[in-house]
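Chain naming follows the written order as A, B and C, and within any one chain the residues start at number 1.
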Amino acid sequence: MTTAETPVISVEKLKTYYDEGGYVRSPPPVKAVDGVSFDIHKGETMGLVGESGCGKTTLGRTILGLNRATDGTVTAAGTDVTELSGHERRRWQRRVGMVFQDPDESLNDRMTVGEIVQEPLQSHDWPFLRVGVEGADAEIAGNDVVPVGPDDAADITVRLHGDEAEVTVREALPLSGEDVNAGVERSDGRPTVSVAVTKAKSEIRRERAFGLLDQVGLSEDHFYRYPHQFSGGQRQRVGIARALALEPDFLVLDEPVSALDVSVQARIINLLEDLQHELGLTYLFIAHDLSVVRHIADRVAVMYLGNVVELGPTEDVYENPAHPYTVSLLSAIPGSGSPWEGGRVTLRGTPPSPRDPPAGCPFATRCPAKIRPDDWMLPERTWRALDELRVVFRTRARAEGSAADPVKRLVGLDVAGEDLEETVADLLAEHDLPAEAESVVEAAIERARAGDDAGAAERLREAFGSRCDEEHPDGHDRGEDWTSECLRHEPGYEGVAETIAAREEDT
Amino acid sequence: MARAHETTSETVLPTESPAALWAGIGALLFVVEAGAFFDFFVGIVADFLAATPLPGAGLVNGVENAVERIPTLLSRELIPNGGYWNGSRWVGTFLGLRPGVAWGIRVLLVYLYAFAFAGWAVLGYRLYRREYRTADWTPRDDMVDRFRGHKWGVFGLVVVFMFVTMAVFAPTLGPTTVDKNMRDSYSYEINYWNGEAGEVQTTLVGEANLASQSRGDTADRVLPMGYDDFGRFHPFGTMPSGQDLFTFIASGSRISLLIGLLSVGLSVSIATTLALIAAYYKGRIDLGLVLASDSVMAMPQLLLLIMLTTVLAGTWLGGIYSGGFVLALIFAGTGWTYMWRSLRGPALQVSERQWIDAAKSFGQRPRTIMRKHMLPYITGYLLIYGSMTLGGAIISIAGLSFLGLGISAPTPEWGRAINLGQDYVATGSWHISLIPGLLITIVVTGFNALGDGVRDAIDPQSDAAEEGGAAGRGGGA
Amino acid sequence: MNGVAPGGTHEHNPLLSVRDLEVVFHTEHEEIHAVDGVSFDIHEGETVGLVGESGSGKSVAARSILGLVDSPGHIEGGSIEFRGDDLTEDNWDAHRGDIAIVFQDPSSSLNPVYTVGNQITEALRIHQGLRGTEATEEAVSLLEDVGIPDAPRRVEEYPHQLSGGMQQRAVIAMALACDPDLLVCDEPTTALDVTIQAQILDLLADLQRASDLAILFITHDMGVIEDATDRVNVIYAGEIVERAPTGPLFERPEHPYTRALLKSIPGRTEPDERLPTIEGEVPTPTGPAEDCRFAPRCPKAFADCERTVPEHVSVGEDRTAACLLHDPAYDGGGDSA
């Protein structure tokens, strides 16, 4: 869906790092979002999937302004919203709403539903009562009204017929023409239109709140009740109503249905789709449940360790995933409702820590299609065992050692040396390594015994690593509007799907 | 104003418009004792202004005088106890009863009135809750219900209420007044029956006091619930100076309450504001506040107190409430740290909740977030620590006054009463130190009990009992 | 509820046999019949699933098997027979080592101030009488069995140093330390990512094969049930509404609730179609059943449904459903409607 229109949101090389540094010695920052770029077009739903720790929530929050971006830009309507602060940022936050994950937590229990939904309205002193004049260039006068700006839509339109003023009010506003009095004065040729609104703003806000509750499928008497008295699904509806209060164009939905039962989930998903059609909204739908995303998203971005590894039209990505991570993710969905028809590709181990992401491709440590160096001809099982050994050393390098360790080392005691032997023996037991490979492993163990686990991992990487460990892949085009960041997409390499299939047979 | 909802069975008040009736009762109750209330509040302001160089002191004094002339129902004039025996019967006491009994009746009526007033307030709450409030349940309801069932907490509440009543109605409760008995005792005369002479004689109050001193085992001493030689009733006995102990204590309760409230009020305001700020902004601001509060905590409170009290002794600042104002300021200034520490934890916990994020997401202002979304959740802790600190403040003030450092003489204060009686503790005049000591204990225990009750009422632990029920509840859209 | 026996066709006696279990919660406002006449069997070496939404009573049923139901809840009826012994007669302690449980959130199942190894050796000490180095070695071996790499090192680590998936593996290791015959898993993978979930499900399958472990798998995720279990019990508002072997249940669900539940799964509807939903809400059972609890929401309900409590009738080989549509005694019933 390539459009010549400017996208609603344009994210460019966005980085968000958390720095929980102490004041004496800061640990490396958590690279939650590490260079992400994509566009979201008007009216579409962009799905953002990934597992916990991949940074999808942080990405959503950065767009909204809840987290500060470390680098990169997020452009909306021509401005970089990451640079905004104070007043400007509040204006941006009027145009984007967020629905949170946990319906039990995202509502303040001490406020009634009515108060919760009205709070954004009160905070921004909505409605803004922008007045536009048709048919003449006139000055606007009035206590509660402001002249409409160039980019905004007018709430109240006054059409001048000579000295008569005809008032129309924007439909979405719970205000009618009868509540507005407009008069015209002419002096020095330029007319002045004075507008007075007889309905109190608080009244308008109340009615808007009732309208919102109705829109999300709740009833009027829910206005007076407390969240405690509702079920999870109903609370989530309140959260949606609140997010829509200020008439945003763009909604970030952070796992809006994850905490709900399946049958409730279905109703909320239907509601979200209906609202999107009714109000012309654009969604960024963050989730870890791939089936839900498939249903609701037009395009999907798959995130891993702060990177978007694949981005494309939903159907394409789900039917022919290009990136090995997407393949693993899809194949892990249990049950016959899964979109994946092949065998399950079970990933080994856990994702690396975002404080210490791998240099090169972030997925290199677990990739089922990792490029292997040509120097060695080893079966896949052996490669995987070596990978695991490397991970063991890396984890040890990062682990908090006890205070006694350096002392032990000084004295010459073997720090976890025996354990190391055992671990290595376990991992490599059934694998026949050629002599050179053995010696590399031995060298690594030596380093580890001396306390240099990082060095041990490094040694293994030098010998058994490949391009995947060194180069960060660029995005490759897989089709229209479809990119995937994998080195295997370069010519000369076997395709991802074939490699995975072949290796699965091997193991 | 909303009309009362239709209730078929029990109505709180069996009328068409309960609110009007309730308001009417309230007005009646208030008018009856308006003089006493005004006297209390105006008196506080007057005392403050009297000591400061601020303008308006004269005006307030005028108001005070005017207020004193407002007739009240339960007054010393209506139920007097300061009469004399004329050989055959009591003259000048209520219904000719013995002074002790008359005094007892007046005290009883005052307390009955106070409880009636409290009952009226509770009635109003129930009326509001059952009939006028649109929501049929709020989170506060559970807390109130839990508190009602908490015996220790209710006991604490009753004790505190009685203490406050004593403070507010002090001039009415004592068998005599501070003016007559202590301040201007040589300007007043009393009549008394001289048994030896067989006739009614007159003497100055001051002289009478001299003859009623309780100093150890002397014959002159007047024990609690006793009459002195001049036919005056002393519910708590007399002090070594011969002055009436009960009047001293009733009057002293005012200043204890006032200084306690002042210092705790200030403390709480500072602590809450800073706790919310620290919890909202976290990071450097939190660190800075921690450093600041640690520094303040490191200052020796007692030394600071002695120093400042001495330095400011002669100034107008030190004269407000006889040094009580300075005390309150110092307590607040050094005590906020502990409360801040206690509130910081809950505030930080609340700041991590998702609804705070949600409010930030639509651009809510920090001040509003702190007020609407964080403050309600730490109010409970505030009440707990506040009430306990109040008890602590009362003890501190008493202790300092005992040492001579707190409220300067001759303003009555409980600690000083203990001090005055300390030489006689093991003698026949044991009552002078013991009674104020007991009262302090009871009142502070009352405050702590109240804090306990509030804590149990809001404690999430109590919610665990609810969770068992929730386990079986259904969940749907 | 004496309809068709819930065990299906097995030669041996079941390992665990739950019959007409009733668990009631007495709160100050109401009486909640969280589990209202639940019956099912588990045989050795098989994985039985208990699937339902929140509020269905499945967690309460799981906890009652282990005697973990606390006041205000009480077991007020029925029996839980483990190898013939009725546990509801205060026999839980006698069988502590035979049944183990794995809960949903591993970070709250593990005590953060003790090392992982310490917690496993504690279980070993209680149930197998091992101490000292012997216990530690066994703990290491258990950690390896559950697939934690570098086990000798991990055994010394604290729970916060492990990722969510590894924590859950450690919890499974703790459960295995008692050498149980039955492992009850209460939503063990709900809090985990889908790839980690796949690993844990594989692990459980491996463990079952290795030691003939019986597993009771409780979840709300139909997909997981489909992959991980041999037989399924569908529970709604405290009652079991359908029982069947897994494959046939998913191919041909017979109870309207099961059908509706399966249809609500997003993966089973085309992306451009609207998701089918079930109107209404799950009821909170505040009294013993007087009618079919699903009737108010059932698209196929008829008059008798609101008056009669459906009993389980056979709807195929080795499967039953509690629905009047399949009960030949009622009008409107008979064949699968």
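By our rule, contacts are C-beta pairs under 8 Å (C-beta built on N, C-alpha and C of every residue); 3 or more make two chains touch, one makes a residue touch a chain.
Everything numeric here is computed off the predicted structure, so don't read it as measured data.
Trainee: Could you find the chain whose CA centre sits the greatest distance from that of chain C?
Mentor: The most distant chain relative to chain C turns out to be B.
Trainee: Of the chains shown, whose Cα mean is nearest the mean of all protein Cα atoms?
Mentor: When every chain is reduced to its C-alpha mean, the one closest to the whole-protein mean is A.
Trainee: Sort the chain pairs by how many C-beta pairs are in contact and tell me the top one.
Mentor: Counting C-beta pairs in contact for each chain pair, the top pair is A-C.
Trainee: Provide the C-alpha centroid distance between chain B and chain C, rounded to the nearest whole angstrom.
Mentor: 58
Trainee: Nearest whole angstrom, what separates the Cα centre of chain A from the Cα centre of chain C?
Mentor: About 33 Å, centre to centre.
Trainee: Please work out the Cα centroid separation of chain A and chain B, and write it as a whole number of Å.
Mentor: Inter-chain centre distance comes to 56 Å.
Trainee: Touching two or more other chains, which residues of chain C qualify?
Mentor: Touching at least two other chains: 53-54, 277, 281-282.
Trainee: For chain B, give me the residues that contact two or more of the other chains.
Mentor: 474-477
Trainee: Among all residues of chain A, which ones touch two or more of the remaining chains?
Mentor: 231-232, 261, 263-264, 267
Trainee: Where on chain A does chain C make contact in their complex?
Mentor: Counting only chain A, the residues touching chain C are 51-52, 231-232, 261-267, 269-270, 273, 288-292, 294-296, 314-315, 328-329, 331-339, 344, 346-347, 349-351, 388, 391-392, 395-396, 399-400, 416, 418-419, 422-423, 426-427.
Trainee: Show which residues of chain C lie in contact with chain A when the two form their complex.
Mentor: Residues 53-54, 144, 149-153, 157, 161, 163-166, 193-199, 201-202, 220-228, 250, 260-261, 264-269, 271, 274-278, 281-282.
Trainee: What residues of chain B sit close enough to touch chain A in their complex?
Mentor: 134-135, 137-139, 287, 353-355, 357-365, 368, 372-373, 376-377, 474-477
Trainee: Across the complex, what residues on chain A touch chain B?
Mentor: Against chain B, chain A makes touches at 23, 64-66, 89-94, 97-98, 100-102, 105-112, 119-120, 123-124, 224-226, 228-229, 231-234, 237, 239, 242-243, 245-246, 260-261, 263-264, 267-268.
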